[in-house]
Amino acid sequence: MNIAVRSDETNLIDTNGLSRSELMAILERARFYEDQNGLVPPRYLGRFVANLFFEPSTRTRFSFEVAEKRLGLEVLNVSEDTSSTVKGETLADTLKTLAAIGVEVAVIRHSQSGIAEEMAKQNNGVRLVNAGDGHNAHPTQALLDLYTLHKHFGDLNGLRVAIIGDLRHSRVARSNLWSLTTMGAEVVFSGPETMRAPDLEEHAPYLPIDEAIAQADAVMMLRVQLERHREQLFTTAEAYHQHYGLTLERFARMQDHAVILHPGPVNRDVELADELVEHPRSKVFEQMKNGVWVRMAVLERVLEGGKRG
Amino acid sequence: MNIAVRSDETNLIDTNGLSRSELMAILERARFYEDQNGLVPPRYLGRFVANLFFEPSTRTRFSFEVAEKRLGLEVLNVSEDTSSTVKGETLADTLKTLAAIGVEVAVIRHSQSGIAEEMAKQNNGVRLVNAGDGHNAHPTQALLDLYTLHKHFGDLNGLRVAIIGDLRHSRVARSNLWSLTTMGAEVVFSGPETMRAPDLEEHAPYLPIDEAIAQADAVMMLRVQLERHREQLFTTAEAYHQHYGLTLERFARMQDHAVILHPGPVNRDVELADELVEHPRSKVFEQMKNGVWVRMAVLERVLEGGKRG
Amino acid sequence: MNIAVRSDETNLIDTNGLSRSELMAILERARFYEDQNGLVPPRYLGRFVANLFFEPSTRTRFSFEVAEKRLGLEVLNVSEDTSSTVKGETLADTLKTLAAIGVEVAVIRHSQSGIAEEMAKQNNGVRLVNAGDGHNAHPTQALLDLYTLHKHFGDLNGLRVAIIGDLRHSRVARSNLWSLTTMGAEVVFSGPETMRAPDLEEHAPYLPIDEAIAQADAVMMLRVQLERHREQLFTTAEAYHQHYGLTLERFARMQDHAVILHPGPVNRDVELADELVEHPRSKVFEQMKNGVWVRMAVLERVLEGGKRG
């Protein structure tokens, strides 16, 4: 895991290159957009962004698309089925094509870890926002989580965040680790033994789940790829819930002020007890709402980036 | 079949909860939009609608999309292949997500009968327009049929409408039954014995096809799902046409003033003789044109609904 | 091959019906749009175009979509998976439906040769732009190639253009032949023996590849459908490159002023040596850029066509 990758001003590849002041600047702009309820003059009229989602996603693509349209951007959408990738064109050439036809920003979701960084290094003429690459990074998710926590707790220094679940395959865990620790929060990990991630445990401790939950100010449950792991790793979704989920019993042992996060979509009664998804102390749908403000801030940052460079 | 479901002011689930005055209000607004040829000031700029089509459709989705854009709405489109439903997310959570990111209306087409009503009862934070759910309801189709008949005949009181075809699987027949009878029209049904629908025959008589056609002021032919039924129910499309289609011979026995309707897409020479699809007394393409005006009226009703509530 | 087909003023079906003055008019309008960098007042606000792509394409669809949106058009997109064609609706009825709901122009890509012409002859109520039909025609590609050559060379009279590759299956070769010869250029063909096209060789000579390249002012390499032909026609992509590709060796034997074209997407090291794709004498990405200006000009022509008729 290369943690030296920077999200320079014209790309957002991961959170690990963002300084505390850069993170704060994004949170402030997101707050500005939330204060306006997104109803801002469409400042980027006649400028083009392309959403390249090579993995299925409604939630993240729609969140980006709302953010883009609120900024006045013209939006092109492609999903894998209809893309030239079926003709063997490389992603790099697709990006050069987009640049040639006038697209300024590409938002990319792709199953291959590291592809967003690889594309950014090639400088294919279009600015990039990583919307999730394999197990590697999902920076706008981490930023909206950060925004949600910052709005709730204020100063994040010393805040204890437990990230629980399939660590090995989680781009959400990785990107959150970088941004949370940069802001001074204390991250701990938990989840199934078979899903531990040695690379992450170099940066934050792994604890038994009940210990992790008991001491946390915020419990972030990761989505389980049920369709991938059910057979191999545990017998049933119910068994996962009992062993590694936020059950009502575990929720009762959380600190009274502690909140619940989940990147969505939730497998109800797997990662979270059904009753907790919309509990007053759950941030699940507020996270989604905040995603629009954060993505507006990120798109603005990428579009304005490099002007003073 | 529950006919007590209401389309309250903020959702349109079926025609069966709409009073005569509500139906007339929709027809009047549709007429207004037709009179302007759809060229109205885009009053809903910066507001978002999502089209969730979980069954294939070009015609209905495009008709909605034109209506939405003429009203100035920002449009998000999803089809099943790229949606999070492949990850097991429930439709309810998808709707809550849409609400969270700022979508006000969702237009839903889904194969499951009753799902639109079920979603509306849950009140997931987004207003709903049912664009066809299983065999249950297709209210905007019924409303555009009503608009087409009202424009042609004026007062619908006593108008005799024959609805002919695969009644059992037809959401179009169901929604038309409710709106036509509310307006005072007299509905009769016909079609293959194997496709009769006992629930509908509680409300209107079933007649032999030649009798139904001879006495009708309007003959509404239903689409046959050729791909589903061909093997089991009749030997060939030609046989269906001869027994249950509007052949040239049957057309000759229609009343001179009677008109032809079909929700489209037409299987030419199956439900309708090819020559009749664009016959002067066919309303097939006028129905499609009217669909835009009616959907503008429906979207306006749903968006404006509840303001006085 | 019927070369009498005309692209009349309200459709663009192929280049073979366009006179020299019509071609020049399109090039001039494209130049106007390029001079404005596409930032023109959106003159077609509230008017609708539909992109019907029944074959996979990112490049061409996005190029059209950018052109359409720069002109202010409202855009509807359909790809085959979600279209009513799966329900057996004919393309003609789809076009009539589009006309009924207010769509003025349909941009069509389809695997069936001649379908665009067939649809145009039927006059289904919507103006047509052929974005590629089977092996037959791809007029906007030929026009952007013409624009690229005209911008580079000025007068095209006597310009020698070598078109090389899979001639038999190439709509790009066909449409370029008509427009280039109308402008006075001299076309020669080359490529594998098994991919020769007798119909094209009635209009321009077939030469051995090294001879064709040595005498050319412009070398246009055609895309190989690797997925289709690899097994039957040659053993490996490397073998194709050596025998029929623009290798570095062949490039060294080109005239010093000669340029390289390719419609994209390039199979690197198959049609073109990887190093040549972005060589200063390669026009590959400039072609894509020019595609937007040319498509703006074509859409304008089709939308304005017939006004004086």
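Worth pointing out:
Lettered A, B and C in written order, each chain numbered from 1.
Assume contacts are C-beta pairs under 8 Å (C-beta built on N, C-alpha and C of every residue); 3 or more make two chains touch, one makes a residue touch a chain.
Here's who's who by UniProt: A, B, C = Aspartate carbamoyltransferase.
Note that the coordinates shown come from a computational prediction; the quantities given were computed from them, not determined experimentally.
Overlaying chain A onto chain B using CA atoms gives a rotation of 120 degrees, to the nearest 5. Here chain B and chain C face each other with different sets of residues for the most part; under half of the interface numbers are shared between them. Here the CA centre of chain B is 40 Å from the CA centre of chain C.
Touching two or more other chains at once are residues 77, 81 of chain A. Interface residues of chain B, counted against chain A in their complex, comprise 46, 48, 50, 74, 76-78, 81-90, 93-94, 96-103. Taken in their complex, chain B has these residues touching chain C: 38-39, 53, 56-59, 61-63, 65-66, 69-70, 77, 79, 81, 226-227, 264-268, 285-286, 288-289, 291-292.
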